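Just below is one structure, and these are the notes that go with it.
To keep things simple, chains are lettered A, B, C and D as they appear, and every chain counts its residues starting from 1.
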Amino acid sequence: MIQLEQLVQKNLAKEKEGKVASYIPALAEVNPKQLGVALYDLDDGEIGEAGQSEVRFAIESISKVITLMLAIKKMGIQEVFKHVGSRQTGFAFNSILNMEIEKAKYPLNPFINAGAIATTSMVVSKTGEGAFEEILSFARDICNDPNLYLDQIIYHSERRTGNLDRSLAYYMESKNMMLGDVVTSLDTYFKQCSMMVTAHSLANLGAVLANGGVKPWDNKRIISDEEARCVKSLMMTTGLYNQSGTYSRLIGVPTKSGVGGGLMSAAPHKYGIGIFSPALDKAGNSVAGLDLLRDIVEGLELDIFD
Amino acid sequence: MIQLEQLVQKNLAKEKEGKVASYIPALAEVNPKQLGVALYDLDDGEIGEAGQSEVRFAIESISKVITLMLAIKKMGIQEVFKHVGSRQTGFAFNSILNMEIEKAKYPLNPFINAGAIATTSMVVSKTGEGAFEEILSFARDICNDPNLYLDQIIYHSERRTGNLDRSLAYYMESKNMMLGDVVTSLDTYFKQCSMMVTAHSLANLGAVLANGGVKPWDNKRIISDEEARCVKSLMMTTGLYNQSGTYSRLIGVPTKSGVGGGLMSAAPHKYGIGIFSPALDKAGNSVAGLDLLRDIVEGLELDIFD
Amino acid sequence: MIQLEQLVQKNLAKEKEGKVASYIPALAEVNPKQLGVALYDLDDGEIGEAGQSEVRFAIESISKVITLMLAIKKMGIQEVFKHVGSRQTGFAFNSILNMEIEKAKYPLNPFINAGAIATTSMVVSKTGEGAFEEILSFARDICNDPNLYLDQIIYHSERRTGNLDRSLAYYMESKNMMLGDVVTSLDTYFKQCSMMVTAHSLANLGAVLANGGVKPWDNKRIISDEEARCVKSLMMTTGLYNQSGTYSRLIGVPTKSGVGGGLMSAAPHKYGIGIFSPALDKAGNSVAGLDLLRDIVEGLELDIFD
Amino acid sequence: MIQLEQLVQKNLAKEKEGKVASYIPALAEVNPKQLGVALYDLDDGEIGEAGQSEVRFAIESISKVITLMLAIKKMGIQEVFKHVGSRQTGFAFNSILNMEIEKAKYPLNPFINAGAIATTSMVVSKTGEGAFEEILSFARDICNDPNLYLDQIIYHSERRTGNLDRSLAYYMESKNMMLGDVVTSLDTYFKQCSMMVTAHSLANLGAVLANGGVKPWDNKRIISDEEARCVKSLMMTTGLYNQSGTYSRLIGVPTKSGVGGGLMSAAPHKYGIGIFSPALDKAGNSVAGLDLLRDIVEGLELDIFD
């Protein structure tokens, strides 16, 4: 078995090369000197943990995977991808350029902000005002984490500073790309980003995807094998903001990051991985977290291109 | 064993949904009703073939994989990726937008035209005027195809119509992104695109990558395992023009296409695959070829996200 | 004196080459077969009129001149141009591209939608909720048109369909470009676009600008001579959407258009001109109106480059 | 009469706020502490001069006015504007963005580099290899300056560093926007930029345009009145790089600048103005020159919006 404790010790200092997200106070105040990891082994169902693996932090963009899974569950994958692309972009996650330059009919993919808001709006179109309650309940289920909760302070900060997201949403609304009500979709989106998770809960989420869409702890299917494959493919090609291509080369395991410092990976048929370390590189990815992930991938030979 | 003959018969008619490349006469005149496939099985070294697997066609963009491998061999992977990125783009393969908008220091990745020309220019910086001869010789070696040759008609057509490539090259030259001489690099690039291959030779090339950089037929190493992994990762994230993300979702095997109608895939440790069918979709990928590839990937369970 | 009646007859049929604005029903239902003109002669204070010069129509983008004048009056021209540029754009009036690509600190100019909303927001920052009442009262004064009113149907349509304007406003808010409250600024903007004017009232407005900022009918100064010059310069360089350069070449008189079919021109020290004809070219300018304007400019030798 | 000597003294020190062009040694070595002006009075044919009005410097972008006039003379204005636009751009003079984003059929206007090269290519299409000789001869004629010459050092520097211009030219060639041979057009363009003029010769050129296309010193017509008007309108809307709109507001006289430090203005029916001061602002316009020009425009009341 891999020595998680040692890997945490080895990589903890890397946080100095990054900075915690500063656009809202609740994130800016997080202690950067934290690194936690949890590893769900599909082989025996055991979970290894080290460091701050039980510390709660804001899920932020990793929630995009959850709403994508929920939208797929509700509408079917064919229908979902009629309203959002699975193409990459060379621009930032919150850019409007690519849509306007290409006169796009839908946002490029579900993991840039525009596409994530559109995906949330699919859920809203099916559930209305109750959308967030359903997302929260779904998140608790697939993360096997009944304590996962909405942080009101982060949510209100997100809502207060979310003008670029509003800009994207109204742009999409003007082009008929939003299935659900704009205001409800935005509010739901701000809430989903403010859910508090742990590295442990993310390892569980990764395990569901690695296990082909079936929760390994109770053997219940969430989405089909093909659908889980799609989600993993999207994580690989667009999961790490505009460094997705680079990290696909450096760390060949489908991974999604969030500016709260989380990383969630799914190594097919092998492991679900959750990592937390809040200091970020310029692209918004956890610095120490990515280095730790790389060590794990190498140690366990998880690179899918290998 | 998979029934290649049946899969060719099943997918041949799909070509009607596409069109052969028309920007030069030599490509426009190719008979669209062709579909050929070759499958190199790393397990036993056997090659299965069906359809027009021995028909020669222009390699076009698949040559970008070859020059990338040669540049890596000559300069080392660290040095190569100091001069070209491994990021995706949402724009067309021949667009200048992303570089100018982002004031990029180097082209985004080696498989868009700008990045491919820059990569060829790395080879030129090491070999000068003799660059193409070396590329040709290298291509024959790693494709195990001593008959692979330069088609003079296609080359002269490429050179005559290559003004957008010239625009990209001079843009990069103005920003000091070209390591080698511009004129030689462009000429070498037009030549490398005009090399004539078969589905069979591409299956061999795919087998080298699938085999971790070692030619399986003579056990000689071309590039390191890590380097081969990087090439496969790039094929996955940017190998199919701006449909790379979509096909990564639909066909989870690292693949590079060319507008000559070729597809070259590498299923790690399992197969090298070469396909030829010249009718293209709007993004420039072989229509019948992609459908055939999907059937093979499903039939042999090759999806790396699975 | 120029024969306005004849010029109206000559140019009326040109409307067939255009189309009335169709993005809201209230504009789509306007009869395209209308052409009206009013000419305020600064020499003798006489107003010549012909055709539908007293028909009311939506002022739309011509209101941008009015709020710019009001913002100048309230804040001074130096302060205004600290928050909005006077640069041109090659993009559409409702595009977000230029701001995002250039990481602009403020919108490019007061006559594209972004800049107009920012200008309205300057007025809002000084007057709060009462902003529109003040704009309406100011418009009545400088157009010498006490009957100028807010059309509720158009206003509600504008508000309902104004998502692209919302997108621009929230984008600016996210970059701290809005001086006043976003929601109030947008609402005020939708209202100012829905004010109902006539060719006659626009001729009066043009006369104020042509007369160096002084209302010629009561000799009261609105803005300084230098400020009036700036407004005219902006009308010349950016007044006719992205055809401003072309019409500056073809019709050398500062002019602002609106998608309601209005044109308002100021020929320095000579004439204020108001024109109405609702069928528009692709750029959003009145087709018959521009041809009529060109005839007037030639007939009266008003080209300022001459 | 205005006191030119005093205005030169007043504005000379402004050069400290700028920097001489540095992209080629021949420009970088120019002494920045220079300011010269010449004023051609159409009323009496007298020329006032002060400062370094007889110092030679590189014409650079002001040559774009000369080739535009020559193209108009050879092909007629209708034909010229079938191949180049008269629209503004919000981007830099050497940007490719606008053309590619808008899939433009021709470059936006004759005063950005792309449009200027296309205009030179019109001349080349009529005169072939002899194009530059004809431009030189035409320049000497309309500047009334038989000593105007091609500086070989500057020309070779321009050619050596002109890769961005090559990129633009090949982009246009790929879209069929170039009427003449690309290589000849580029070479001619580099030469025309390297012609050596004085403030005096530019005042003469301005006088021809101010005088409606007729050389005032010998009463010979070069282009029609309407054509001269068009040239002046383009100078107003796009003559000062991407600060054209701003300076149209601040200095309301049609003006074209060059990175050699020259300014050439045409005040209709009144004056031709030539100014030289090589220290430039960030947009590439002469700092002391623009301030001096502004003083002249105010002193002589030349603002055409007034």
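Criterion: a contact is a pair of C-beta atoms (placed from the backbone, for glycine too) under 8 Å apart; a residue touches a chain by one contact, two chains touch by 3 or more.
Note that this is a predicted model, so its numbers are computed, not measured.
If you match contact pairs by residue number, over half of those in A-B turn up again in just one of A-C, B-D or C-D, and that pair is C-D. Chain geometry summary: the mean Cα position of subunit A and that of subunit C are 47 Å apart. With centres defined as mean CA coordinates, subunit C is found 54 Å away from subunit B. Look at where the CA atoms of subunit C average out and do the same for subunit D: the two points lie 32 Å apart. Annotation for subunit B: residues 97, 101 touch two or more other chains. If you sketch which chains touch which, the chains form one closed loop in which each chain touches exactly two neighbours.
Touching pairs of chains, sorted by label, consist of A-B, A-C, B-D, C-D.
Taken in their complex, subunit D has these residues touching subunit C: 85-91, 97-98, 101-102, 108-109, 212, 225, 229-230, 232-234, 236-238, 242-246, 248-249, 252, 254, 268-269, 303-306.
Put simply, subunit B touches subunit D in their complex at residues 95-97, 100-101, 163-164, 166-171, 173-174, 182.
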